[in-house]
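Two complexes are shown next, each including chain A; its partner changes from chain B in the first to chain C in the second.
== the complex of A and B ==
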């Protein structure tokens, strides 16, 4: 209660400085949390990517041989050699790792362009799409290369203009396809699952352009107790086996750490490079440090000056037997409340900003492949906020408070009571 | 007075050193942000190579008449070309005959505001192989001159430029060619009329028809290479299963009528196996492509704003407290004849000295760490050193302004001190 009284007193006595302290803290927390929350948008679990923490992705392979080197999506046979039958994998999906635009028409007269993902049956087990009608492809349908399509709800609406298209034929690049099902639209920022339509697909020879490269990417769903690192080790071992077997042909696969977790997937890297988590983390922590230290220097200066004015009060407390640790904890506690007020204001401002304006400042999707819909998309509240976020903000407040108040409070606690009361220290 | 100012600043060494550290960090960051903003934004003011008002992009797909063979993935060119070519020609003719259309160009990697870069080295006939021109190879039907209103750098008329393309000549742009000015007779412009050829094909020569401004890949870009625009003969261009890209210039003021015709008249969208789709104003394409750079610039500006606010709050708080602590000193000065402007100037000088101390270190760190190390060792930097000096100058000016603003409010408080009251309180 004393903490609140002290803050109210400060607000009355020195409103400008107190508000500057709160505003500085709010601004700092705002930016810290904006960086932190948006960093999490691409890794937080949300339907249909509810199992992001247990999913690993292997979109590429990098090959060196006598003719030079090539990198890109995999040949299906190689993908199976490298990723099928690994312990700790509960499900594995072989898909085309990119989207294509297709011309789609219901009547053969009016054409729409829709983004298409080519997927197999396991894809629908790994990602939890919400089917409005119909059902996913079965593996036998995929193997038979049936011309079937699953539409997103908005695509079905666009094409059917209110008609239920389940079971109907539509033209995809002028080829009739049966609508197998309709799913609720995934959020456009979920780039691994967002699409406007999905077709049943398995790689054939026409899309293989070498013994190693083709059109396949791999999605792995880990078993509940599986360790991503052990999966990586097993894949690396398989790379070595392949290289040993291909040594006579002077062919070598270069291992870049695949399969990748969602966190690794957010880092920028290509098909012939590895994600550099270490550098990314250094950059990130350096950024956090700057965002914490700069306001802390400001706040520390103000705290020191405020405490200088309270030095005789501290002297009286010391004279009446207050220990140094009690003085320090009192001062840090008071300041923590002030930091917390600023922190909460900053967090609220950050959530509002991210919900409504973040797409003006942050690029969530790859500019090369983004549609206008994806480019304009903003994360939802569920993607942004969790209790973890709240506790991270609280932690940042705590750190900011310790940095800005620790030294001034420690110094204030060391005053000589007699000198402090007589005003010699003020 | 100056000596007294310095000795007083030294007296408050501990408080000042923190402020200098803060100003140092912020100066470095502000220089970095200003550098990035300037180097990105300056290209917006470069002369445009095209006019994109009233220009639309369209996609055209040609489907085989034989739907069964298409369904089976047949890509047999011989079986579809006769009808496909006829359909494509009819479709182009239909589009061109629309009363609101001024010109239509058939484009292959020639659409503006698309980030593809088809890099190839071109050599000059009669010159050593060491003299190369690295160009983004674009191809389009000669109508592109009228559609995009390409800008000549030699004074050639638009019909003549178009004629030269029709004769099979190519158009090149000056980027990446200035190094040839000292080597070639007549400089780079002297290339007009000479022959060029691809490094990989020394048998096919292309006469340089004119020297034009670049078709931009985006509004912000410093062109990473030159451009060579090759003519397409629509009647001979192969038909494939992939979509063709069209550029349409609509007559001035008739965009709405054209879009209305396109949407309401199915015959304008498809003729037998030829289908038009994805009509989009070029301005939308530009906005989507520029979006990444827009966001980047906004982000830098927001960060800049954040750091400047931090500094503003820091100076405001620090000097507010200093003025409070020095009220009796200020009162004494006033009593002894100091004018308001003297007191104001003194506080500003104090802030400026602190800024210069921090800025010199921060700017030096920026040059050493960022410009010298990162840019020269990690990135390909196309921005000249002059931008760096401009960024440092702008950064200093902005920070000096913030120093003045931050000290303004405390300074006004200092000026308003009534000597009699301040000295009586003392």
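== the complex of A and C ==
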């Protein structure tokens, strides 16, 4: 309460430096949170990717043999050998990790080009799509290679022009497919789930171009208490078993740390290298440290000059019995409130900016493979803001305050009370 | 009550050393009202600061209320000041962001074991005694100099200290206000029995006290 009064007082008496302090804090929180939130967009859990924290992805395999090296999506048989039946996995989906464009029409006249994802039945269990009508396909349908498709709501509208397409046949590249269900459009930034249509699919021999390479990628849903690292260990062990068995053929799989968490997947990498999350983390923390320390140094200059005007006050408080630590905690408390005001302003500005203007500066998706819709997409409020974000911002404010106020407050508490009161120290 | 033996204070700056106090020996009894006089720069404020534990002597012994205080830790000195000593300054030194009641409450804020309601009661009592009850919510900037000094005296009183140290308490006041403040100090001395040490340049004020200590160049001359 008294902290708040002190700040109101300073806003009244010394508006310029106080507002500059608040604005400086707001700006640094803005920058910090812009970086953090945009990083977070790739890993935040949001439907239909609500279980991102428990999902691991294995899109590739890297093979080395007498003919050379090849890396890319897996042969289904190899994928099963490496990933099926691992302890701690509650669901596993075999999909084609690439999207294709298909020519689709309802009546053979109105043709539309739609992005297609090829998926199996488990895919619909791992991701929580919102079905407007119909249902996901079953594994028996997938295994029987029934021609079935699920449409996004906007694709269904485009094709059906108002008619309900559920249960109807549509032409996909001139082959009739039954519409099994319709789902609400996923957000375009969710590149693992976003598509315009999903066809029931399982790899056949025509798309296997070696014993190891094919067109399959793996998505794994972990059991609630499973540890991603132990999954990785098991997969690595299976790589070793495979290599031991293939040594005679001089064939070798090179392990790059799969399956990957969402966080690892966002670190851009190719099919033949490991995502270097360790150095990416170091880089990230260094970046945050710089973003924290530079403004903190600035703010500490301002704190010092604000405190200089209060030296005689500090002397009087000391004279009447305040200990040094009491003075320090009071000054840090007051300044934390100030930092908090600036921090909240900065956070609000950051959310607004990212919500409305971020696509002018930031590409959230791989622009080379993205559709225009994806490339222009901005995150939603839910993807940007959460209590977690709020507490991260609070934490940044706290650190900022400790760095910027700690030393000036400590120094102010050390002044000799007699000199502070007489003003000899200022 | 206050006993100084061989107290010396040297200020050292980069260029010069100033001997502000040299071999000061002084006894002040309980309930005495003592004034200190002397030319500017002779060390009066320095002496008061050392008695008030606001500064440490370079040498010598200080005993206050039977306790040797010059070697106490910082926190112990703070606690000792809080309970036993209070201050009245020439330029009042009220805290500008706090209102009258909050300024007066300051010594009690730093005292352990006093409840908020107790604090409020004692602040109101003291302000009542000094005729400031109607100014509770005023900020220092909204008061006259004389009112400010009365608030400062209320602050010096609220913790019920045995010793009051006043450094030119009337220095910034006109003569009417100055007389009023002197009246107050005398009352605190006679009625409450508090020991008061006051620095003044005013011969008449000094003569109204029990004893005058004259200072010259860091020494007591009479």
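Just a few scattered comments:
As a convention for this text, the second predicted complex is superposed on the first by the 426 of 426 C-alpha atoms of A that agree within 3 Å, B and C clash if a C-alpha of one lies under 4 Å from a C-alpha of the other, contacts with A are read in each partner's own complex, and residues count from 1 in each chain.
Heads up, the rule we're going with is that a contact is a pair of C-beta atoms (placed from the backbone, for glycine too) under 8 Å apart; a residue touches a chain by one contact, two chains touch by 3 or more.
From a predicted model like this one, the values you see are computed outputs, not experimental measurements.
Within the superposed three-chain model, A:69 lies out of touch with both chain B and chain C [touch as defined at top].
With both structures placed on the common chain, the touch criterion links A:295 to chain B but leaves chain C unconnected. By the document's definition of touching, neither partner reaches A:249: not chain B, not chain C. Touched residues of chain A were counted for both chain B and chain C, and B has more of them.
Legend: residue contacts after superposition of the two complexes on their common chain; A:164 is shown touching neither chain B nor chain C. Contacts of A:305 after superposition: chain B is touched, whereas chain C is not reached. Contact with chain B, but none with chain C, is seen for A:112 once the two complexes are overlaid on the shared chain.
No residue of chain A lies in contact with both chain B in one complex and chain C in the other. Interface residues of chain C, counted against chain A in their complex, comprise 45-46, 49, 52, 54-55, 74-75, 78-79, 81-83, 86-87, 89, 93, 95-98, 102, 106-107, 110-111, 155, 159.
Partner chain B is touched in their complex by these residues of chain A: 16-17, 20-21, 23-24, 27-28, 31, 101, 103, 109-113, 147, 173-176, 206, 290, 293-295, 297-298, 300-302, 304-305, 360-363, 367-368, 370, 372, 375. Residues of chain A touching chain C in their complex: 2, 5-6, 9-10, 13, 312-313, 315-324, 326, 416-419, 421-422. Here chain B touches chain A in the complex through residues 15, 18-19, 21-22, 25-26, 29, 59, 61, 63-64, 67, 70-71, 73, 115, 241, 243, 266, 269-270, 273, 275, 277-278, 284, 288-289, 291-292, 295-296, 298-299, 302, 306-307, 309-310, 313-314, 316-318, 320-321, 325, going by the rule given at the top.
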